[in-house]
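Contents: one structure, followed by commentary.
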């Protein structure tokens, strides 16, 4: 669906993890993509970063005769299968149609995913036992804590199909990057370009922030329309790189 | 997924078309299904009835690099394929994630579906050139008229996968019945029972309405807890059937 | 709760029925009441007027073990009692917490109320078999047609308690007036004053509309700050009264 | 702000009035503008068309000490000035911040505007005495009827400043075109191009609709990817023009 | 209304306080109750638990002539009476119709309730001086901080009537249990069963969490469909109980 | 527009900074102003206070051809000009039409404002790099963190025009006061009166809180309808002042 790009390896993900979602959304906006930020997904805990390819789970509305408590006894139940099959390093992205009145997962499944090396959880629904999940090292973003079991509103259906999450198209393999602001979905074929230019933008903004903290006006500096700005940045960058 | 029931033929659909959605939702509630009414889908025109099996189309959010105006040149575009492949007598049910800011179809596609014998359209998104669609004989239910092309927000993806529409689970083959109140989704395996009991409920309510119009109190009549009510109904029914 | 005012008789109601809800909300705004218009309640049919004292029914959320289909077999079920006890000339006002996903009543109950001489129905929820209700002479205002039975979401509780409806406080005995724009709730103790001044405002606005239709500017005319306006109005009124 | 284009005269407006809003939003989407449809603005009456340059009125939230009923006595009150100053042929576009809990105008002001030759009213708020406005020849689009006076929520502020209306940027002089689906805002500098290409698109879609009504598949026809389609269209167009 | 059950004493409440709301909603779902979680009520502070019978306060919309600042001078004002009459150990549950634009209580009333031994506060409206309330030992759940006085939107009406709160039916005496995820309302007659089975579920989930943390797959473990799981759990439980 | 009052100097602002927003909204309600609390604006960090005159920035919806990434190269871009021109001690108040799907500013601009001595930021939109802003000493209130650049949805237009923010009218020069509950907008001409009476109310409520913490009932105390209350307060106040 999306054109294949370069392989996405650990280095690229490590780089993306250092770039803020605000920088990444700007890089994608420059490339014509305006709708890449998962609306309404907040981190359960501050200070965490995440980067990994999307592994998706789609829920449709539940129906009483199909979604009783016993469905979890089926070893093939898609939610449970997702938790066991998602590869290490991937991000579980769930399409809950923005309905946070119930949970989309809880601390047991989250712990299992952490043990399996999953990079994080993103959902436009709720999470139950959210405090327990927040204590994990694996980060999670959701619409908020919500205790009721997902069966009340959600029927788990597809693994790794394209989905909508928080109003954004998420294709399996797209790169999900999260920080305190939230989560951005980077189409896989743009990941390398966005990482390269985003890293440069971060460096420049670090410089700008330092300049501003020391009293510089933003006019001519941000963006760097004054010729002197570029020169000052090069000096700053050289000094920083020399360290 | 749903257990196979008796085959659903034209007679059953003809019967269901005579039963109001309020009666059908009550019949389904009696069987434990409370969430079967497509929320927010209003008829474009009053006075129409519809009954037919669901043929579904799923949209996810659009992405600028995948959903330009040229995608319609692809003869395999799912929205266009849906319009050409949906069987005569079926109902096109579209999952637009409840987003009515753009259209999910317009009058040309609707006209094509009418020519092909499609029973109706149900969407939780918008419809464009809604006045043109309303002039067709084939009925349509939607969140409201909306001119912008679906490409702005929607990416057509799946044909005949289970979907959510207006907050309700719709499985391909479920029976969609529509009237002036809106649209109900009847799980296929319940269609025969619901039609049988719904038809009886309609007859009884016709009797009740007549009684009430002639001055009867609803206490003991609706529901028929007074023994005399049943007797009067039997007489009424016999007289009516005799005609 | 509200201070007793003059008795509210048929003449007053007849007068109020001729005054538009836009005039009445302005009269109440002049008296410091800004929140008197039932938000979201639309008429099922255009061209109808209604005026009558509020008779209220309060719903709280349903609970599965209390609100099965059999509760209607209880002759004391508050919804059914409401329909039988509401006095002729009164308006049934229902508090559905603004939830229109289910009905708050249907055509059988509405027909019974028409037979009993009820002046109208106002709800911030839905109405089922709305087309049937629209065919009655008794008018109804609601959030829209909605087929599912009220039991799915609503538990009928109180008769004639103060309620909220469409974000407005409605005390039993308040005068509900409805037209094509919607419904206004007039506190009982203000009904006489509002009717008197509203009728005068209506006459003046009829005059203004005529002037405007003949090409007059609204400056100085509406409101009548130009001295000549008052004089012209007096002449107009005298001529009209003489007819 | 927007680059000056060719002058917009009566012929262009007459042409735009014949083009549907669905065609116009597609033409604008082809030019990269996806957000041009006034969300939530519905016509008070079906079957009307409108085209004219925007004359804007901005409301901010009301404040009790500034927005009492007496403010209308001020001949300089912006709402009243707007009604008297808007040029014949223009469209009054009001920014009500999407708040339809009160009116943004009523039938007296609307009648005055019709007398003055105004082309129509567009608001993302409510309209009071909506039935009266609907009886006028001048069309109006709004979020729905709403009786309370605008003073309760709105403070009229600016005439002819750029505004937001229904989530869309509207600059004075942009061309507002309305039909049964709603209203589109065409940036002035694009009006000529959009009218030319839109008219051609309309002709082609008339042809397509005729073909479809006679049994043609949409594949290869809409869009016209099959070479034969273009040829058939040319014949059809020649025949039609010859009439 | 709800059938009388066993008396609810301190031991039962102490047990319920140790059970998470996610476990309790699952227990109630198993018993057919799907709508028991107060939607939108978040704790003002994390790490707190609450269990106690509901004492309710119902607000309807305010009206300017009834709800001036002086109403609080009335010693019988329901909000103030509620604060003084609510029994020690009970939970004040307020029905604010989900409107968080104003407060439903503030730190003075909350402090008074803490002094009186009240178990907690639950509201679907806002709380003012929320930071002050958060410093108390008595926990509180609300839609968020909101400074304006309740009089602007709310009229306090009923004490200890059945209400809706966050979309859930709350009957006086129902048991409200709160944790970091939010608040669940347990119908009184189910409290004993839910506590017993919930405590067992908690023990089992503690075991599962330990197993998962040590690398176990959830298939066969959660739920315990593999026979070995039960055996391992029994061993674990025996060891734990022995401590 | 608002009558000029006494000059607003540092002492007045210092006093207002000690008064809670709950007290201030009550003082304004006593003066007839019920809609002064910026709905939905939450502090990025708890424990901060702010008081300063409003300096406003108005956004309208973005349009693709006007709001590309290059607009920031224009030294006259209103958002950048706002950041450089807002006076020390003032509060930047942004009208984002309540749309938090994108940012209205980020940490670089916020840092620049802190360096320039700005008192704080208030927006009904989002803020990007919200964690970075939260680390500043200058406080900020917003609808939540949101990474995407403002250009995606917002077009910066007016400096220091009257605006709506969170549903409240904000005129340049109005005094914005913020605390953990949120932000109140005090019309400039009322600032002195509100500060004087608010400070007194705060003192009295400190006394009440102390009484309540020591076991006093609120009846007769809050409000002080019991004669003894006033006497006790005078003694308390004298003792406190003597310290």
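The chains carry the letters A, B, C, D, E and F, assigned in the order they are written, with residues numbered from 1 in each.
Assume a contact is a pair of C-beta atoms (placed from the backbone, for glycine too) under 8 Å apart; a residue touches a chain by one contact, two chains touch by 3 or more.
In this text, all values refer to a predicted model and were calculated from it rather than measured experimentally.
J.: From subunit C, how many touching-chain steps at minimum until you land on subunit F?
T.: 2
J.: Can you list every chain in contact with both subunit A and subunit E?
T.: Neighbours common to subunit A and subunit E are F.
J.: Taking all residue numbers used at the subunit A/subunit F interface, answer same if over half belong to both copies and different if under half do.
T.: Different residues, largely: of all residue numbers at this interface, under half are found in both copies.
J.: Among the chains, which one keeps its Cα centre farthest from the Cα centre of subunit D?
T.: Between subunit D and every other chain, the largest centroid distance is to E.
J.: Mind checking the centre-to-centre distance between subunit D and subunit F? Centres are C-alpha means, answer in whole Å.
T.: 37
J.: For subunit A and subunit C, let me know how many angstrom lie between their CA-based centres, rounded off.
T.: About 50 Å, centre to centre.
J.: For subunit B versus subunit C, what separation do you get between their C-alpha means, in angstrom?
T.: Measuring from centre to centre gives 32 Å for this pair.
J.: If you average the Cα atoms of subunit A and of subunit D to get two centres, how far apart are those centres in Å?
T.: Distance between chain centres: 39 Å.
J.: Give the residues of subunit B touching no fewer than two other chains, as numbers and ranges.
T.: 34
J.: Which chains touch which?
T.: A-B, A-E, A-F, B-C, B-D, C-D, C-E, D-F, E-F
J.: Write out the stretch or stretches of subunit A touching subunit E in their complex.
T.: Residues in contact with subunit E: 69, 72-73, 75, 80, 83-84, 101-103, 106-109, 111-112, 115, 128-131, 144-149, 151-152.
J.: Would you mind writing out the residues of subunit A in touch with subunit B in their complex?
T.: Subunit A residues touching subunit B: 1-2, 31-35, 60-66, 97-98, 155, 157-158, 161-164, 167-169, 187.
J.: Quick check: in the complex, which residue numbers of subunit E touch subunit A?
T.: 20-22, 24-26, 29-30, 34, 36-37, 39, 42, 46-47, 179-182, 184, 205, 208-209, 212-213, 215, 217-220, 222-223, 225
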